[in-house]
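Both of the next two complexes hold chain A, though its partner changes from chain B to chain C.
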Partner chain A sequence: MVSLISFLVRRILQGALIILLVSFGIFAVLRLVPGDPARLVLGPMASDQVVEVAAREMGLRDPIPVQYVHWLGAALHGDMGQSYIRAINGSQVTGSHDEFAQAGKAHVLDLIGGALPYTLQLAALALLFAAIIAIPLGIAGGMRSGQWPDKLVLYLGSAFVSIPNFWLSVVLALVVTAQFHLIPSIGYQGFSYTILPAFVIAIEMSPIFMRSLSSSVSGARQRSFVSLAEIRGLSRWRIFFGHILRNAAVPVLNLFGVQIGALLGGILIVEFIFNYPGLGLLTVQAVLQRDFPVIQGVAVLSAVLFVVINILVDLVSTWIDPRLDF
Partner chain B sequence: MLKISRRSLLTAAAGGVVSTALSAPFIRRASAAGRSSLIYASAEALTGNWDPTSHTSLAQINFENFVFGQLFRTPMQPDNPSQIVWELATGQKLVDEYTMEYTLRDGVTFHNGAPFSAEDVKATFEYATSPGRPASALYPGQCEVEVVDRLTARVHTKKFGYPASAFQFTGALMAILSKDDVKDPKVLSQRPNGTGAFKFVKQEGNTSHLVAFDKYFRGKPKIEQVEFSYVSDATARILGLMSGDIDILQRLEPEQYATVKKNKALHAWEALSTENKYLHFRCNKPPFDNPLIRQAAAHAIDRSQILAVMDVAGAANNDYISKLKFGYEDVPGYPEYNPERCQQFLAKAGFPKGQGLPQIDYLTSTGFYPKTKEYGEVITSLMNEQGFNVKLNVMDTAAWGGRLYQTADKVAEGHMIDCGWMSGSPEPDIVLRAMFYSKAGPGGGLINGIKDKDIDAALDAERAEGDSAKRKVLVGKATEVIASKLPSLSLFTSVNLNACRAGLTDFSIYPNGPMDVSRAYYKDV
Partner chain C sequence: MLIDTITVAAAVPADKTAAVSPGRRIWRAAYAEPQFRVGLVLILILIITALIYPYLTPLSATKIAVLERFKPPFFLSGGTWLHPLGTDQLGRDLFLRSLIGLQNALLISMSAVIIMFVFGAAIGLFSGYYGGWIDTVLMRITDAQLAVPVIILAITILTVRRPTVETVTLVLALSGWPAYARVTRSVTLSERQREYVRGAKILGASDLRIIFQLIAPNVLPPIAFVAVLDIARMMIFEAILGFIGIGVQPPTPTFGNIIADGQKYLINAWWVATMPGAFLFAALLGINLIGTSVEQARNKVLGGTI
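And now, the complex of A and B:
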């Protein structure tokens, strides 16, 4: 128990440091790129004088570390700032320079809170599809190492990994949605709009799980405790679930932790192409419109998710395999 | 050991297919028949402010056309660009040089139930044309309105020094507001309240929801609901149209247009727009502060090559205004591709074969107008062939927009920048004065920064002329003066490429984008 608490404290501190470094890095880079946020808020025709006054009011003329400390203090109190381009009702806005338009800008956390459930739904379904594809094939490949299931995993994995997600997105939307009207996918009017985007992400993620599982299962089968289990007279199912699969699961789980970054990257592109109203679409539109507070908020959230999921993966791995030390 | 045979794998796969097929009825079909709603996908976001005087955004103007009424409309058809279709007004007449009188329609109500009258016209005109309003640039100038009786209003312009005839067409640009809303601009900004065919219900994310207005003066529309959605990606918009998730689209890319044309479930068409695309020279800094260098650049550019790149999305034009504008005519001596003359101008300016010229930064955008990057490369290549040293900088729309206009405090970035100017009226001054009048913006012309007395005098002369026939001649003379000074080169007129569901009937789209679906319905195809 002591070691568990010590592990958690250590990992949370490490995670906090990572989040701080990531947030500062993104904060600094966003302020160094060309484009004055005050100019973006006030519009191209506002005079430099007005822009300068607004910039000072927004704290944009302070040194970057000072600005970061202010931002961090507010963020720790749950205020990640206001979007430059999105109104409180969630609509993306542009081209109006009226005081009322500026007063009605949405809070970053509200925008993220509105988009996150859609992305979580998409990510969960994508992982489910990836599991449906990767687990049976990966196990089959590992159990029949060197035979046709193993080769199938190899060829299928190579094919899947070679398909660019943006290409597959457009092709599926064109054929499945636009041509044959089988599954809707452009925008979001219900759960069915999640299926195709999730399938694209699953195709992108499954090869690495498939190959990893296949080699882990194959490796576990060669271990002496499996041969001894057969001699001990254990049933095939018990050997498979209790010994082979349990030992093969740990590396796959660790891989899952690392793959979260790839999952988030895939979501960005796929949501934009399918006009799916999650964090990915929010982020791409924020980047295109230089909506720095939103970009910053999403980046920090991604770092937090990455850290938390990896801590959970470590905990689950240790639970599965008690030989692993905290 | 667990046996996995080829047969068991195939059995499992077949099972998966069957279970997917069984679940298909539970998945909403992408295409629904018997629609009474219309989903419009906008390529541009709304402004977040429902006050029509707070912006000059095309997307917002398109939205307002569903909700707000206007005194009259100008369909701007190529065979009759000056046509007027009466809406909240039933007629207009010039009482004297500085007074325009409008007679108004009786029995019209706003969405909040308030009756429409001359008081609303007075409140709207005086508010919309006041210099502090961002959209005041669309109108000829400030005005005062006299309420003669409940259904008669007179617009007076004498105090502000321009003729009332300037409202002959620009009255069609004004979304008529309720006088009570104008009293409190904060209310105005928070919800749209017009006399149009559709009433605003709510905003959900990037979608504005509208419903048919029961008391619309021409009768309740057959389309019961309209969803006005911002969809940022062009591919998503076209896929949405093909799948049935979107009913109508504008501004297709030429390649998309060709695809949609072949699809029998869709209807696609081309329509000349009021938008000319310009290559603006920054006239307030070297080298384009020298008119000879502007002439040299204009004669280096082969516009027929640009039109080849634009394909169906561009139409040839030798004037600074579209053919749909009042006063259009081919400008005599409009610059044509002529390398020899280009070299003569360069030599005369003291830069033979371009030697000694600084690097010229050419800013263009990608993702908003069709083919800007492609024809930007053509222009760059043609100018460099003549000895210029042009560097093309292709930016995303936000970065380009941030550099577009001249400001009071500093000279705008880049030496050349391209941009279109769409307007919802045949009135040529909306374009000409914004682009070329020295007082249009803090730095002169809004984008090119031109300050030229001859151009100002020519534009003032045509605006002051009350007689239509005489004014037409003066508009032609003004564009000739502009062409001789060349602060910008008009490259072509944009052609709008539109598409909708094949059954959508009895609707119209104005050349600047807004549509009238007040009588539209879906028929079987």
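And now, the complex of A and C:
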């Protein structure tokens, strides 16, 4: 129990450090790129003087560390700032002369909160698809290493990682949606719009898990406790679930923790192509429009997700395999 | 976990293989796998064609030929062998453009992999060798880089800096270095306990000398074998950037900008977007087949995985 608490404290402190580093890094990069946010907020018609005044009011002329401390202070109170571009009602306002234009802009947290459920739904379905593809194949490959299921895993895995996700998205949207009207996609009008994007992400993710599962299952089979279990006369199912799968699960889980950033990256691209209204679309549009507070918010969110999921992965790993120490 | 060369050599039957370096043995073990040869043949055919075909054909990859626009690929009616994959909206030959795209993709992704390997390995060597606060700081920076989807950083940088071959290469390198830093660090951690490192320290060798002349040649080659797979990963990433419009800019053909162009004509001329994508798939499949068999061979020869 004591070791669990000290583990959690240590990991949460490390995680906080990572999140701080990410937020400062992104903050610095965004302030260093050319393009004046005050100009963006006020639009091209505003005079230089007005822009200058607004920029001072927004604190954009302070040194970057000072700006960062201000941002961090607000963020710790749950205020991630407001979008430069998007209005509360969802439309995009630019070039408003109103000095208080910022008053009508959407809060970053609201934007993220609005998009997050869509992304979570997509991610969950994608993981489900990936599991349906990877778990049976990976286990079959591992249980029959050197035979045809193993080869199948190898070739199928190589084929899947070789399919560019954006190209598959375009082809599927063309064939499945436009040509044969089987599954709708492009935009979002209901759950069925999640299927094709989730499938593309699943194809991209499944080879990694398939291979890792296959090699850890075949590794676990060669361990002495498995052959001993056979001698002890345990049933095949008990050996499979209790000994082989349990030992094979830990490396796969760890891999999931490492891959979480890549998963998010894949979701960003696929959402953008399918015009799916999640975090990815929000982010890509924010970047293309230089909507700094939104980019900042999404980067911090993804760092938080990364940290939390990795802590959870370690907790679950030790629960599955108590030999692992914190 | 790397077993040291001596134990590995002892574990191998005492025939001629014992005298061969681990690197050689990894290549031999990989070559014994059929999928390695399939991949090698595939990628060599594509690369050799990409190097020779542009000089043999009278066509140009960038010149506009309006009369030739939207010619279908050879297997459809109206297609000719002059344009095996068809032509695009400006009458340019898609096969030739894909070949030039392959040249660019290989150039960019291989340079990116070399840069990320060198940078990541250096970080990992320092981190693992010195330990302590240097290790903590470097590894937290590495984690921070892993925690943000690189695509956000990439789009931010490339919408501001003009995307050229150099900037795209650097952005790609940014995406991959943390993996190399982590692996190199974990191997260096155990390597610095070995006798030859302690011996060198007692003899008064400087830290930099120990790191780069003694540890690096021992720990880096096995890690370098994994880099083959990263070439394919970087080629996809480069194509994604091109597809969003922030890769190397037209008229230079890249897979990304060819497919992005073709996407506008999907309904009437589906091949403009799909054929170059299929070509890219073939090239990636070749590299990935080589990469996985090399990785498996490495694990077999050196024992365990990193």
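Observations on the structure shown:
Basically, the second predicted complex is superposed on the first by the 315 of 326 C-alpha atoms of A that agree within 3 Å, B and C clash if a C-alpha of one lies under 4 Å from a C-alpha of the other, contacts with A are read in each partner's own complex, and residues count from 1 in each chain.
Here is the rule we go by: contacts are C-beta pairs under 8 Å (C-beta built on N, C-alpha and C of every residue); 3 or more make two chains touch, one makes a residue touch a chain.
Keep in mind that this is a model prediction, so the values were computed, not measured.
In the superposition on chain A, A:174 makes contact with both chain B and chain C. Judged by the number of chain A residues each one touches, B leads among chain B and chain C. When both complexes are overlaid on chain A, the residue A:269 reaches chain C alone and has no touch with chain B. Using the contact criterion defined above for the overlaid structures, shared-chain residue A:165 touches chain C, although it does not reach chain B. Shared-chain residue A:319: touches no atom of chain B or chain C. Contact with chain B, but none with chain C, is seen for A:144 once the two complexes are overlaid on the shared chain. In the superposition on chain A, A:283 contacts chain C only, with no contact to chain B. Residue overlap on chain A between its contacts with chain B in one complex and with chain C in the other: 34-35, 170, 174, 178, 272, 284, 288, 290.
Taken in their complex, chain C has these residues touching chain A: 35, 39, 140-141, 143-144, 146-153, 155-157, 159-160, 232, 236, 239-240, 243-244, 255-256, 259, 263, 266-267, 270, 273-274, 277, 280-281, 284-285, 287-289, 292, 305. On the chain A side of its complex with chain C, the touching residues are 14, 17-19, 21-22, 25-26, 29-30, 33-35, 151, 154-155, 157-159, 161-167, 170-171, 174, 178, 211, 215, 258, 261-262, 264-265, 268-269, 272, 283-284, 287-288, 290, 295, 298-299, 302-303, 306-307.
Those residues of chain A whose C-beta lies close enough to touch chain B in the complex are 34-35, 39-40, 44-49, 85-87, 89-98, 100-101, 104-105, 114, 136, 140, 143-144, 148-149, 170, 173-174, 177-179, 181-187, 189-190, 192, 195, 236-237, 240, 272-275, 277, 281, 284-285, 288-290. Partner chain A is touched in their complex by these residues of chain B: 1-2, 4, 6, 9, 12, 24, 27-31, 44-49, 51, 54-57, 60, 134, 185-186, 189-190, 203-208, 229-233, 235-236, 239-240, 242-246, 367, 396-399, 401-405, 407-410, 441-442.
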